[in-house]
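In order of appearance the chains are A, B, C and D, and numbering begins at 1 in each one.
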Amino acid sequence: MSTGDSSGNPPGRPRHGYLGPPGTFCQMALDAWPDPQEAEHVPCDSVLAALDALRAGTLDAAMVPIENSVEGGVSATLDALSVGSDVVIVGEVLVPVTFVIAARPGLTLEEVRAVGTHSHGWAQVRRWVAANLPTAAYLPTLSTAAAAAGLDPRGPSVVAYDAAVCAPVAARIHGLHILAADIGDSSAAVTRFVLVAAPGQTPPPTGADKTTLVLYQRDDHPGGLLELLEQFAARGVNLTRLESRPTGEAMGSYCFSVDVEGHIADARVAETLMGLKRVCTQVRYLGSYARADGRRTPPVEGTTDSDFTGARAWLGSLLAR
Amino acid sequence: MSTGDSSGNPPGRPRHGYLGPPGTFCQMALDAWPDPQEAEHVPCDSVLAALDALRAGTLDAAMVPIENSVEGGVSATLDALSVGSDVVIVGEVLVPVTFVIAARPGLTLEEVRAVGTHSHGWAQVRRWVAANLPTAAYLPTLSTAAAAAGLDPRGPSVVAYDAAVCAPVAARIHGLHILAADIGDSSAAVTRFVLVAAPGQTPPPTGADKTTLVLYQRDDHPGGLLELLEQFAARGVNLTRLESRPTGEAMGSYCFSVDVEGHIADARVAETLMGLKRVCTQVRYLGSYARADGRRTPPVEGTTDSDFTGARAWLGSLLAR
Amino acid sequence: MSTGDSSGNPPGRPRHGYLGPPGTFCQMALDAWPDPQEAEHVPCDSVLAALDALRAGTLDAAMVPIENSVEGGVSATLDALSVGSDVVIVGEVLVPVTFVIAARPGLTLEEVRAVGTHSHGWAQVRRWVAANLPTAAYLPTLSTAAAAAGLDPRGPSVVAYDAAVCAPVAARIHGLHILAADIGDSSAAVTRFVLVAAPGQTPPPTGADKTTLVLYQRDDHPGGLLELLEQFAARGVNLTRLESRPTGEAMGSYCFSVDVEGHIADARVAETLMGLKRVCTQVRYLGSYARADGRRTPPVEGTTDSDFTGARAWLGSLLAR
Amino acid sequence: MSTGDSSGNPPGRPRHGYLGPPGTFCQMALDAWPDPQEAEHVPCDSVLAALDALRAGTLDAAMVPIENSVEGGVSATLDALSVGSDVVIVGEVLVPVTFVIAARPGLTLEEVRAVGTHSHGWAQVRRWVAANLPTAAYLPTLSTAAAAAGLDPRGPSVVAYDAAVCAPVAARIHGLHILAADIGDSSAAVTRFVLVAAPGQTPPPTGADKTTLVLYQRDDHPGGLLELLEQFAARGVNLTRLESRPTGEAMGSYCFSVDVEGHIADARVAETLMGLKRVCTQVRYLGSYARADGRRTPPVEGTTDSDFTGARAWLGSLLAR
């Protein structure tokens, strides 16, 4: 990765990494992140490279994709967050995924012979391509932005494709002409990016928060997952995402990657975390942060902070007398 | 009830009530209770009378029946514990229920025409009576001991029965001759008595404890009880008795009377109590006390006090950094 | 019991037993039962006697109390239904429990020295008695109606009490004068009676039905009851009563007596029964019958008969192709 | 995809597609599949292309990757199975994922400047590369086998990399020299492939089977997933994989992709399927098939076929009488 000349970094201006090169959806996410300190945006080669730089201290934060409304959880990110020293998610950004097909000025759609893009981008424009460019070849690139960069008229012409599927911003950056816009098969496609930082930076609760966890079950037996979910249900905590993930040790050995509504500072989430800690082999806390959609879901009856405080006071009164 | 001459009560010698008159199984329970202070034993007319005297302060404790291995929960006791000012169970005693049929010396079994006993006692000797005294009439009495007392040769002969079904001790106290022993239909019958005291006297945990609760559900809906039981399951707390009890407000309005393994001072029980407090309309704590059978059931994995302490320390470390 | 001269029973007119003598709340229940065949009403000495006569074939049905809004489940009935050859509940009747205190004409309330009644009746008028007859003695009788019968001016005067607590009808039958009416401590008290018959007479579903079961757990372990309740929850079946009942084998060995909404002919109840059969040591089916209150609770989504039929057809289509 | 000259296909010899080109792990899976009919192996361009050909009838079956012990569920396959006309999994194959780095004969490891491979393969050799080829560039290819093919000495030399990360078989096919073997970061990595066929070909149960499903929840509410899992728990069916998958409609709208132990012909699985059908908006059955590892997990107590048959017979006896 190119983390730049860190010696030239003015003190106080933080460095935020993203999945480069410039023009990726990930950069769009970082641009959309409210950032009063005007952090420097540093392109990284991969999710792992970005998180490694964060862990090494050469980055202050990293924006990485975690979930795609079409493709689901981004395995590389989920796994890179789960191993290595602790990092925490401090925020999330939703980026609508809008694809264009772009080429050097002068080329028409009919003239396109080969298309370059990232395999994930390619997967999301299949239907459009089948209908409009049925005979075009496909060449994988490292990112959708890299596909556009390869065609930049200001650079050398070495790539074996003549059109790129990329974000509108990438076409603009690289001086390409848009042959067709909004060519994604799902018009509602959106990617969820998370901003990751070193531990100790959990933002305060906003009332519309999410908490991300990785849970390792003690053993695999019928009803095991049900028992685990009881820890959530007993405190009225709702899951918004649940994925069993291979632990990498053996096929069939899983952990669970989950998102829940609420913040670690909420009593119902805190007690759930402690309950999970007791019944799991390992619980990895990956952060509490404001929801990008700002949706507030009021706690179910009996699970507000004051319900927990009241219950504790009542218990105290029983023990004291 | 006859709570005796309280002015003559030497200071420091406590007064323990029981369901009188002398000779009841309840007195046997009180006799079996380890009591270094040698409390005065005070017969009471009814469970309610005993608990009223306790609440009024004229008794220091009351021994009352709570469950019978043949008949189930003793409704009068369960209900008397559930309403009125708080009292707590501080111990339990199991008394084998062994019935004899006894009469004034000289009478033979063949000569018995009518039998007096409490209706619960009568219910437990039905089969023996059907086989051995098929034509005998039955006269209900206030207690099995009262049946024996009515025949005491030292008293007046006014009762309309000539034999009593009672505990062996009652026959002895009242100078009766035992016509047949061990006549109960169930040879394993046992009654569970509990010693009840004013709040603030919860005995320390022994590792083989029980806690008694009354739970009032927030509302009645499919799966409501399941949700309530999740509070126990999420902390590995086992129930040893569960009874839905009418609240008395309307047919179909219930609360739950439950016994669980463990002591309020055990973290898993304490957190369960707080969880129930949150999800129930009302939780009535009726005491934690040593099990009469001394059976220790080791906490399931992840539910020891140190598991709870460890989980809290871990949570603290997440919040602190 | 006095099952009468069965030879004089005209063919075709059925015989229905009840807890006698005439004037009991149980007779009121039988009177309230819609009975186009005008069955002969036969008083029985006890619940067990009534059920024994039914099992022996000398009765065609028996009306017995099963639950009281003040006292809870009637142990004797629950247990008598659970052992012995199979019988089934075919209907239920709710009888408001209204007590009067009655005496021979001429006696005033102030003159009452001793009160006779059944111990359950006595328990339900405690507060009124404490306020109005604080010094009166109590004499137990075999039933509230028997208390009234003992004072019948047409009979001998041998009882040791001078007033009876009983149902209004019992006072009327026995020519007594009502000294005070509506003296029950709970004005909403109601007793639930069930009509029991030989197997094979389950009435057709009405859409507002109840099913009564006795469940014997395979073994006692934490979460065991939860697993059992999952059988209900997985099919959307709601419980309206649940009581752990001692099996009589040992203290701590329980079965569960439950009422659920719905009829054995409803697919959701049928599949629940089969599920319970698989996970329990024993399941005793005690009948499906119309609810006395006629309350219809529509099945939760996905649990109607057509949902079950549809699911089976879908499964068939998967297997067939 | 190149489904070949179907007119030349001798009658009776089936055509099985796989993710080409020759030399992929997917071909290894197909080679490992016991196939008495000696099907023709047809390379396809993508999972979607293979399944489309199957659905169009130009293939008889398709071998596709479904889960990787390192990367988790293969999104493209899971999603391609979930939409479009029904297809069913008829078997699974586990292929150990062993990577080599290979080049044209003559090149040494020290001389490698750029590495070509599929992005998933690249993700699995990161650590080895960081340690041994820290300065090498990465060029994405359509598959690991395509990376090897690009270096085939018999073909033109047009690729911009000089070494390929691929399966040993791909190196062999394309006449490459292996520079280093077993370079995967996880020595236990294995990929699970499934053979997919048209509906109606569910293989018979073997006693060691798996069933794959996609479940669409009726709505999202706290405890919703718990209710869904109760359908499994109530019949003792164990899950071996569970992933929430975006439905593609909106971020936060999920379905669940699950594998369970057992076969649709097993009563416990069949009843679970019907239960899920009732409580879900949609259930997609993706097949029952023999486990590749042959592991038999005996049904938990009360869930064998004869338990189900016995329960049904018992229910019938209750309804019949």
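One rule holds for everything that comes next: contacts are C-beta pairs under 8 Å (C-beta built on N, C-alpha and C of every residue); 3 or more make two chains touch, one makes a residue touch a chain.
A quick note: this is a predicted structure, and the numbers were derived from the prediction, not measured.
Looking at which of C-D and A-D shares more C-beta pairs in contact, the answer is the pair A-D. Note on chain placement: the centre of chain C and the centre of chain D lie 59 Å apart, centres being C-alpha means. One finds 25 Å separating the Cα centroids of chain A and chain D. Of all residues in chain D, those touching 2 or more other chains are 230, 233, listed in ascending order. If touching chains are joined by edges, the resulting network of the protein chains shown is one closed cycle, each chain touching exactly two neighbours. For chain A in complex with chain B, the touching residues are 199-200, 202, 218, 227, 230-231, 233-235, 264-265, 270-271, 273-275, 277-279, 283, 285, 301-303, 307-308, 310-312, 314-315, 318-319, 321.
In the complex of the two chains, the chain A residues touching chain D come out as 48, 67-73, 75-76, 78-79, 94, 118-119, 123, 126, 138, 140-142, 186, 188-190, 192, 220-223, 225-226, 229-230, 232-233, 236-246, 248-252, 254, 293, 300.
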